[in-house]
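Following are the structures in question.
Shared chain: subunit A. Partners: subunit B in the first complex, subunit C in the second.
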Partner chain A sequence: MSVMAQERIEAPAWSARWLADRLGGVALHVAVIGLTIAWMVPTLGLFVSSFRHLTDISNTGWWTALSPPFNFTVENYSKVLAQNNLGTSFLNSIMITIPATIIPAALAAFAAYAFSWMKFWGRDILFLALVGLLAVPLQLTFIPVLKMFNSVGLSGTFLGIWLAHTGYGLPFAIYLLANFFRSLPTDLFESAEMDGASTLTVFFRIVLPLSVPAIASLVIFQFLWIWNDFLVALIYLGGTPPVAPMTVTVANLVNSLGSGYHLLTAAAFLSMIVPLIVFFSLQRFFVRGILAGSVKG
Partner chain B sequence: MPDLSQFLTNQLPTLVVAVIGVPVVIGLYIVGLEFLVRRLPDAVQPRARPWIWVGPALVFVTVFLVIPLISTIWISLQDKHGTAFVGLSNYLAVLSDPAVLLTIRNNLYWLVLYTFFTLLFGVMMAVLADRVPYETPVKSLIFMPMAISFVAMSVIWKFMYSYQPPGATQTGTLNFLLTSLLHIDPITWIQDQRFNNFALIAVAIWGWVGFAMVILSAALKGIPGDLLEAARVDGAGEITIFRRVIFPLLMPTVTVVATTLIIFALKAFDIVYVMTAGNFDTNILAVKMYQEYFVSADPGRSGAIAVILLVAVIPVLVFNLRQFRAQEARR
Partner chain C sequence: MASVTYDHVVKRYTADLTVVKDFNVEIKDKEFMVLVGPSGCGKSTALRMLAGLETITEGQIRIGDRVVNNVAAKDRDIAMVFQSYALYPHMSVYDNMAFPLQMKKLPKAEIEKRVNNASRILGLDNFLQRKPRALSGGQRQRVALGRAIVRDPQVFLLDEPLSNLDAKLRGQTRIELQKLHNDLETTFIYVTHDQVEAMTMGDRIAIMNAGILQQVGTPDDIYDHPANLFVAGFIGTPTMSFVPVTLQNGTAKASGFEVKLPKHVESAKGTLGFRPEAVTDKPSEVATLDMKVDVVERLGSDQFLYGQVGSDTITARVDPRLKVEVGDQVKLGLDTRSLHLFDAETELALL
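And then the complex of A and B:
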């Protein structure tokens, strides 16, 4: 688009249109940069606050810390890690997130392969049902699943939450992968079949290697989704510190800290570190997952 | 670090077992059953094989989504103790409860304002960013909140909304701007019932504009440049081009994004739970449902609220299915 703009005939200098074009350009940059800064201010404010002393946080705004004398500290981080189970929660988040990402991704890959390249009775209806389930709020499942978990001793366990996240993540995961698998060329399958390749060989040697970008999108999406999940963990883990992930612990701190309110800044930032690293290093895949995930018109 | 030693002795073994064991089990499952299927007569193989591949996923979806869904509807027709069938009386009780009606009003605020403003900012950012050379970093920064949890967003905004009495130094960004730039009294954003619902919705909008922007921006790049150039040659101004050319072409994508946002607005939970716990007239259906179950210990009413949520998403669900079918028909 910028190329085209250059091709347009330049208006003579200082004419009315020349001025209007220049001012429009300036307004555009002001609007874009202004909005971007406005969008960053909340996060930036918390980030700066997390390195300030308690007395500074409660007496002055975070922006005053940006001018000398600089008076930063990492005390909030060391305190919140030592006192508030945040270290345990961080490890719990890892414990929950890794298997709850691997299991649904693997099962979804199998199912998506069958949905895209095998014929079976009820295939289209089943796939339609999965698309329908994408819209169903998880709230509809909490009471019965919790009762089931309670009766078999799975509530408050990592295994329970892995299984729950697998069930909840599958419709989206299958939808995303099936859309990708179906776009692979038919010839590929025909020639492999003619060479006498087994279903397993086709899946592991042809489909999976060709689908690395789609699988990467799914894994990152699911990883961030689980890492950031609060509600499912709250319901099935009950929010007890020995198994609580970061989100649950930080949410508890919001209500319980009271006078130690400043520690919340550090706690929130610690909970954001992993997703931010994943996001900024693998953004491309995340965006692709989002684009593929919406039911397209 | 006591955490670390505990992790090494208790959790790390579990994690290793899970990370290595789970893929091994899944791998053995598919290889083992494929091995068995190949022993079957040739005529039976193509009929048996697909069920091996979709089987595990279907079991999970049935156990965690389909059966619970039906079961919740059944629970909503029973009394508090799950012993007697009470018909629709939970629904009557819930729908005549002023507290629930308030949550429905609030969910409508969420539905309309969240969806509208997220789309508005999303379109705006997509169109504006498309015209500057530093588009990528701008989009990346606007999109960043999508990567963090709603719990973290809530903490970020608790500090934005923080309040000190008039006259005291304002430490919250918004109240500082109000008092120093506009010279008006600070607002208790979280408690003041004139503003608090909108303050909470604003947090969600801030978090999700990036989502709308990214999808709309991809759609925008799909609009052929010739089309816009032709309009410019015909003397159309940028605003006319946006209204007459760009916006109509973006409309299908806007609809798709809107359905996702609507579902989110209906089932929103985290922000309200963390920031107000539903107090100060900010409660919403999902939080109310949680409270009915865990605080009032009334699965019947809790289930009824969940079913109300389901009824509310049905139009979106039907729309999605239609979109999907239309998309399939074009294949």
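And then the complex of A and C:
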């Protein structure tokens, strides 16, 4: 980018070219800012609503609360937090998310290394099959997998949902990491081979340290997906309070008639806190991870 | 410290893709051998087979008396410097050099001794804690060398190690590598496409083309007695001039001149070759060339003229003080003591 900026020839002020350049820049900024705002509006609305009274929520739009007289309350939060199973479901979410992130990331790293740097029979076909799995809709697998889980007693257990998330996450994880590993220079591997490093040593001492950005971005993706997952948790764990994660508990706050909506807003916002912390603390890797492999160095 | 023998080595990828054909070379202990040839000639593949990075399709490679065909790369006791240097980007210079020793599970004190020794030889003492990205190209190249030195291998393999350096640094490093070779007293096998590197550094040179070994010999030997047309054209800058000639009664007749050959040759047609330094502004009683000058190249110490004699293109090296302009007609003398003649069909040297 910086090179392009340097190469651009400065046009004199107020010439047609200068005007076009400026307007182009303005249009770009308007578009980007506009899109960002459009994307943030629902979240903002949720945030504002979570501080409003039930009667206000059901009578007027959330934006009316932004003008005086201000009539905010923290009652929704105190009510939600007082519900005794919210703490449990927060712990449940963590219990589900952390192993279900680490297990597939670890397995995928090994598998991706094999796919990208080890020669074995049927490697390319297996990889192709794996990428093909990305196209299989999740819902297709629920009944057969649940039947199997029921027969071996895994449904309703954390182990079951860890396995389920591992299965669903692996194809993409392997695909992402294999592509990154493949972009590492061949000479490094040959040099390490001549230096006497075994396959495992190469993996732990060379591949992993060089792949931190890619692995970090994978971990963030997987973490966010599982934390926000509702369907898989509901199917394999059921909605009972001892095992239900945040998403399921929050959804249960609203009954079919829509009462409890004011609690939903506060609870939803509470459940967003962890993903936000994860994202902001690792976003440095996230940006680099998405670019990973596209540009060398 | 060991000799290396290529014994009828073949590398074949598919039935009709053979990149190294019947390669036979014996590299003596402590020798600096340069494998040189145009890109894609199989020189790197020959080196990589010795390194253990490519399998050997046919034949044998021996290090000393040991056949290494089925020995893993790490057990061949050789070290290689890659064209890209292949430094581990996340490790410090020290760790880069210590890595092969750690893999051998040497004691820590020994590793430190060897790394410090290598870094002293290469002048890397002040950079040991830096990462490769904080080094210049020349320093990175020295780290790559250091990683090879610490292992104290029997054979050093260098795959175009200077091609990523700028011209000035390349010249310096060429000299440093020769010194290093003298100090280490180890066999060096050096692959390059640059004939200047080959001429200046090699104790002996092996020239390859299209997977076939063309000639092995000392730089002087190859320069003065090229075995065939390819070698004659590949070694030496500017290139040797080649002129198609017909032969009759010991005289070679070209389109613009004729010259008496020093020796009788049993052939009717051939290609006459002579280097630029054989064509000078000194008059010759034997053969005079009338050249129409197309290009003049002044290098300070030399002046090269490129032009036409009859319908043939010829290069001459003349006194730099001689004033010549493009389009001039000049009279040049041909030194017939260093003539080369190649068979028109086989391209082999006849003189």
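Criterion: the second predicted complex is superposed on the first by the 229 of 297 C-alpha atoms of A that agree within 3 Å, B and C clash if a C-alpha of one lies under 4 Å from a C-alpha of the other, contacts with A are read in each partner's own complex, and residues count from 1 in each chain.
Throughout what follows, contacts are C-beta pairs under 8 Å (C-beta built on N, C-alpha and C of every residue); 3 or more make two chains touch, one makes a residue touch a chain.
As the structure is a computational prediction, the values presented were derived from the model and not from experiment.
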First (subunit B), second (subunit C), both or neither touched by A:N71: neither
Subunit A residues touched by each partner, larger count belonging to subunit B or subunit C: B
Subunit B versus subunit C as contact partner of A:L188, first or second or both or neither: second
First (subunit B), second (subunit C), both or neither touched by A:S15: neither
Contacts of A:P209 with subunit B and subunit C, given as first, second, both or neither: second
Subunit B versus subunit C as contact partner of A:G196, first or second or both or neither: second
Which superposed partner A:S281 touches (first subunit B, second subunit C, both, neither): neither
Overlap of the subunit B and subunit C footprints on subunit A, listed as residue numbers: 297
Residues of subunit A that touch subunit B when the two form their complex: 1-2, 4, 8, 24, 28-29, 31-33, 35-36, 39-43, 45-46, 49, 57-63, 87-88, 91-92, 94-95, 98-99, 102-104, 106-108, 110-111, 113-115, 118-120, 123, 126, 128, 130-145, 158, 162-164, 166-168, 170-171, 174, 198-200, 224, 227-231, 235, 246-247, 250-251, 254-255, 264-265, 267-268, 271-272, 275-276, 278-280, 283, 286-287, 290-291, 294-297
Touch list for subunit B against partner subunit A, complex: 1, 3-4, 6-7, 11, 14-15, 18-19, 22-23, 26, 30-31, 34, 38, 46-47, 49-51, 53-54, 56-58, 60-61, 63-69, 71-72, 75, 124-125, 128-133, 138, 140-152, 154-160, 169-173, 176, 206, 209, 211, 214-215, 218, 225, 228-229, 232, 238, 252-253, 255-257, 259-260, 263, 266-267, 269-270, 273-275, 277, 286, 289-290, 293, 299, 302-303, 306-307, 309-310, 313, 316-317, 320-321, 323-327
Residues of subunit A touching subunit C in the complex: 185, 187-188, 190-197, 201, 205-206, 209-210, 297
Residue numbers on subunit C that touch subunit A, as the complex places them: 51-53, 73-74, 78-80, 82-86, 88-90, 99-100, 103-104, 133, 147, 151
